[in-house]
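Chain IDs A, B and C follow the sequence of writing; residue 1 opens each chain.
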Amino acid sequence: MTLPWSRVAIYTVLVLFALVYLMPIYVLLVTGLKSFQEVRLEQMWDLPSALRFDSFREAYNSLDSNLANSFKMVVPATIASCMLGSINGYILTKWRFPGSDLIFFLLLFGMFIPYQSILIPLVKTLQQLHVYGSLWGLVITHVIYGIPITTLIFRNYYANIPTELVEAAKIDGASIFKIYTKIIFPLSLPGFVVVAIWQFTSIWNDFLFAVTVTSNPGIQPATVALNNMAGSFIVEWNVQMAGALIAALPTLIVYIVLGRFFVRGLMAGALRG
Amino acid sequence: MSRHARWLIVLVALFAAMFVAIACGDDDDEDKTPSGGLSGKLEIFSWWTTGGEAAGLQKLYELYPNQCGGTVNIVNSTVAGGGGAQARQVLTTRMLGNDPPGSFQVHMGHELIDSWVTTNYMEPLDSLFKEQGWNDVFPKGVLDIVSYQGKPYAVPVNIHRANVLWYNKAVFTANGLQPPKTLDDFFKVADALKAKGITPLALGDVDSFASIQLMETVLLGKLGATAYNGLWTGATDWKAANVTDALNAFKKTLDYVNSDHSSLSWDQANDLVISGKAAMTIMGDWLEGDMKAKNFTNYGWLPSPGTEGVYDALSDTFGLPKNAPNKAAVLCWLKVVGSKAGQEAFNPLKGSICARTDCNPSLFDAYLQSAMTDWKANTIVPSLAHGAAVKPGWLTEISDAVTAFVANKDAATLQNRLAAACKTAGVCK
Amino acid sequence: MNSSGHRLARRLTSERAVAIALIVPSAVAVAVFVYGFIAWSAVVSVSEWDTVRPDYTYVGLDNFRDLFNNFRFQIDIRNTVVFTVLFVGACLGIGFALASLLDRHVRGEGLFRSIYLFPMAVSFIVTGVVWRWLLAPRAGVNILPEKVGAGSIDYGWYTDPTVLYVHADTRLGEALHSVGLGFLANPNYGVPLAITSVVIAATWQMSGFVMVMYLAGLRAIPDELRDAARVDGASEAQILRHISVPLLRPVTLSAMIILGHQSLKIFDLVISMTRRGPGFATDVPGLFMYETTFQGNHFSHGAAVSILMLLAVSVLVIPYLFWSLRREARL
């Protein structure tokens, strides 16, 4: 069977695009794996003559404490976000009350605001709460500004759990907590995974909050450290590239391993009703 | 049920990985409790991350236990980039968030006074200055610049010169040219170099301070010290014809720079000089450290064109923020910074001269010795680009006007904007 | 029976109180941290706060007037408009093209999809760092042709200060002038070339997301509809034009809103890739707000910029939220 030319054209276009999308990763990898003698800009595209991990080692040495900071912040923030989102989604779908739609609408809007418009009050308030400049301050910030999206994802997810199930339990005398623990929570695992991945990725990748809330370099997360490293021009560019790859690795791994859930979070974020 | 079991495994694995990460990531934050003397942490905030600056800072840290005793653990907090611009952004949010470091690097002059002193974020240091006898060892002009209402607020550690022309000797010999002393010479030499395909002047203004500093040296070269100083006090009219001339000279200077200047940093621009692709660069004397770090020795220097006899100065200082943690340790840090031993250890590495007048010249290299001579003989003017001449808000407006100008080369608009900025700042009428 | 019904109703009322109590923490947090803080920023934006030390003296709309007279902010508005149009257009075009190709029973669809989408998992900071080197004038894409024996490209990318605009002394400029549109012949109504570099990086990151949305939309179109059209002799192009595109209109709208509001807020990518650019060619309100607030210490101006950003986003998002919530209620 011969391929019709239109099929060939389709695959050609798809492959070309794939190459363009992968090009940055290629450059990141070959640059990071070169020895310092080989990292001249003119040789950007050449394969390394021998595999050297010096750039990665150096990038890791200057980023390791920041990577630890990122993990220390992301984990509690993600867990707290999941819990809050789950409870809110549960209430807003199964215990609707007059005004609950309005609350949902007001929550949702919080997802879209430019965070610049709350930055100055945020700094002042975190200072009053004595968490300014600490990772906990950043955790609180991420959890609060994560409420809209996590609530949205869980709400959409719980909307698919038949309300009759919950109504029947209500009539049987089950309490609000019992219904949650016995019916909702056991069915929630995919929702938790989606939200956890979403929050993990977006909190890990955040820059604006990190740079304003944890301006003390010792406790800054990886994105800020990477930006400082790249902004300094003093750090060799191969080390910058290696640093970029290291900083991207956790979310890339999550994407590769759990891509399906990642896409579901994306679609929920796109408000697909 | 098996489907849920799979999800459960995924979820548990995810959370487990996270918890492991927390557990591993936890730093040991043990507090040392020594017997007497200074102890605890002392955070020093600066934008000295590399080369001689970092090495000099390290020397000061090494001197600290000798001079102060105790078991103070110095935390070196640095933010690189932008000639300190990024560090200043970070510092602003920290001060706003009431999270000051122990002590921080700040340029003397308006950057220190208008940002932090008039806003009541700093402690006066008059008793420290008296106790250490510093009122006699720092030049009067420097003391005035770090003081507000008669009290000093920061300890100057060094003096840098902004108006230096650095050049590659080999390029000049090979082309039979003399390094230019005046702006007219400069344009002649530049034309000759350009004809031979050599970039006359290397510029790297990815950080906007570099183009502001270039403008400041041209203004200084054209206007002279008195009229230049008048720009910052309102005595010189920004709309005057001599300012127009000076800005046109600045415009002409930009015709001789490398075309990719907006993507390079000042030290990358220096690479062009080192490799001989460019002949000269106008940069502060911290550039010498970059020459040395790159093992390049065949360089020469002059005051930037037309500025002979004038020392365009800036200084790095350290002060004591209100609510600084571990205040006793900070005070001793300031003593180290202001001490003869401290300045003699720091400055040869940093590539600057001492702010004190009693440093031993034999510790310094040829350039710095010439700078020390000039410092005593020359007229001193404050640097614009490095926060000495004007307050930060005014500098921001000047910076914006220059950034736009470097791209559109519209000198008339630049002049109007600079005049307007002076008015906004409340200095011109 | 009746009394047990009452008991149930009473119990449910108290349970409902518990439900409301459970949502109160989140509601209060959002009320304070979103709406309270916005109000606070609005107060700062009409205040005199111009140093690091807060000063809430009321000055009316002076700060906003200053902003609109500030040439940097005028350039920022131009850049935002240009960036939004190019970025949204490129993402929609590429996203739709890839989705409609992938929808044609392509082998290895999952792999292609994963490749196009992976940049979404990466932070804008990483994207900025990588693309800054890929589009550096002396490196990256410019020297790629050398590898296949062709000459290198001499293009400045984000260092090119050129702004394309109608010059007043050209025929077109005079024509504009004669119809009273002479003000358009000004760089402030032009296209800065440098910003296309940022558009390329942003499109690399976000177009996969549009592809996924379109793909889901295409899959939701019943096969019978298109099969019927094919039976009637319609070409693939006709099917695309008369069936797919109209049915995908809601997806297009969603994508436009999501991307559009992102481009109004863009900050991370610019700060890590180009910063202000030559002559502010890649400057954006987010960066201006950050620099003027935390570097220039003009807190009131910074707050005013942020309030304007919020207004722009609101104009885009609030109608959309109403629309999508109503649509959801209908379903």
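Keep this in mind: contacts are C-beta pairs under 8 Å (C-beta built on N, C-alpha and C of every residue); 3 or more make two chains touch, one makes a residue touch a chain.
Small disclaimer: the values here were computed from a predicted structure and weren't measured.
J.: Which category does the touching pattern between chains fall into here: line, ring, star, complete, or other?
T.: Topology of touching chains reads as complete, every chain touching all others.
J.: Between which chains do we find the greatest number of C-beta pairs in contact?
T.: Answer by contact count: the chains A-C.
J.: How many angstrom between the C-alpha centroids of subunit C and subunit A?
T.: Whole-Å distance between the two chain centres: 18.
J.: Averaging over Cα atoms per chain, report the distance between subunit B and subunit C in Å.
T.: From the centre of subunit B to the centre of subunit C is 36 Å.
J.: In subunit B, which residues are in touch with two or more of the other chains?
T.: 90, 93, 96, 206
J.: Where in subunit A do residues touch two or more of the other chains?
T.: In subunit A, 120, 124, 212, 231 touch at least two other chains.
J.: Among the residues of subunit C, which ones contact at least 2 other chains?
T.: If we look for residues of subunit C contacting two or more partner chains, we find 136, 138, 290, 293-294.
J.: Taking the touch rule as given, give the residues of subunit A at its contact with subunit B in the complex, in rising order.
T.: For this pair, the touching residues of subunit A are 65, 68-69, 71-72, 74-76, 78-79, 120, 123-124, 126-127, 132-133, 186-187, 189-190, 192-193, 196-197, 211-213, 215-218, 228-229, 231-235, 258.
J.: So in the complex, which bits of subunit C are touching subunit B?
T.: Interface residues on subunit C, with respect to subunit B: 50-53, 71-72, 75, 136-138, 156, 158-159, 161, 163, 187, 275-281, 290-298.
J.: Looking at the complex, which residues from subunit B come into contact with subunit C?
T.: 85, 88-90, 92-93, 95-96, 114-116, 118-121, 206, 208, 259-263, 392-393, 396, 400, 403-408, 417
J.: Quick one: which bits of subunit B touch subunit A in the complex? Just the residue numbers, please.
T.: 4, 7-8, 10-11, 14-15, 18-19, 21-22, 24-27, 43, 49-51, 75, 77-82, 86, 90-91, 93-94, 96-99, 101, 206, 265, 267-268
J.: Where on subunit A is subunit C touching in the complex?
T.: Those residues of subunit A that touch subunit C are 10-11, 13-14, 17-18, 20-24, 27-28, 41-42, 44-45, 84, 87-88, 91-92, 95, 97, 100-101, 103-110, 112-122, 124-125, 144-145, 147-148, 151, 170-171, 173, 175-176, 201, 204-208, 212, 223, 226-227, 230-231, 237, 240-241, 243-245, 247-248, 251-252, 254-256, 259, 262-263, 266-267, 269-273.
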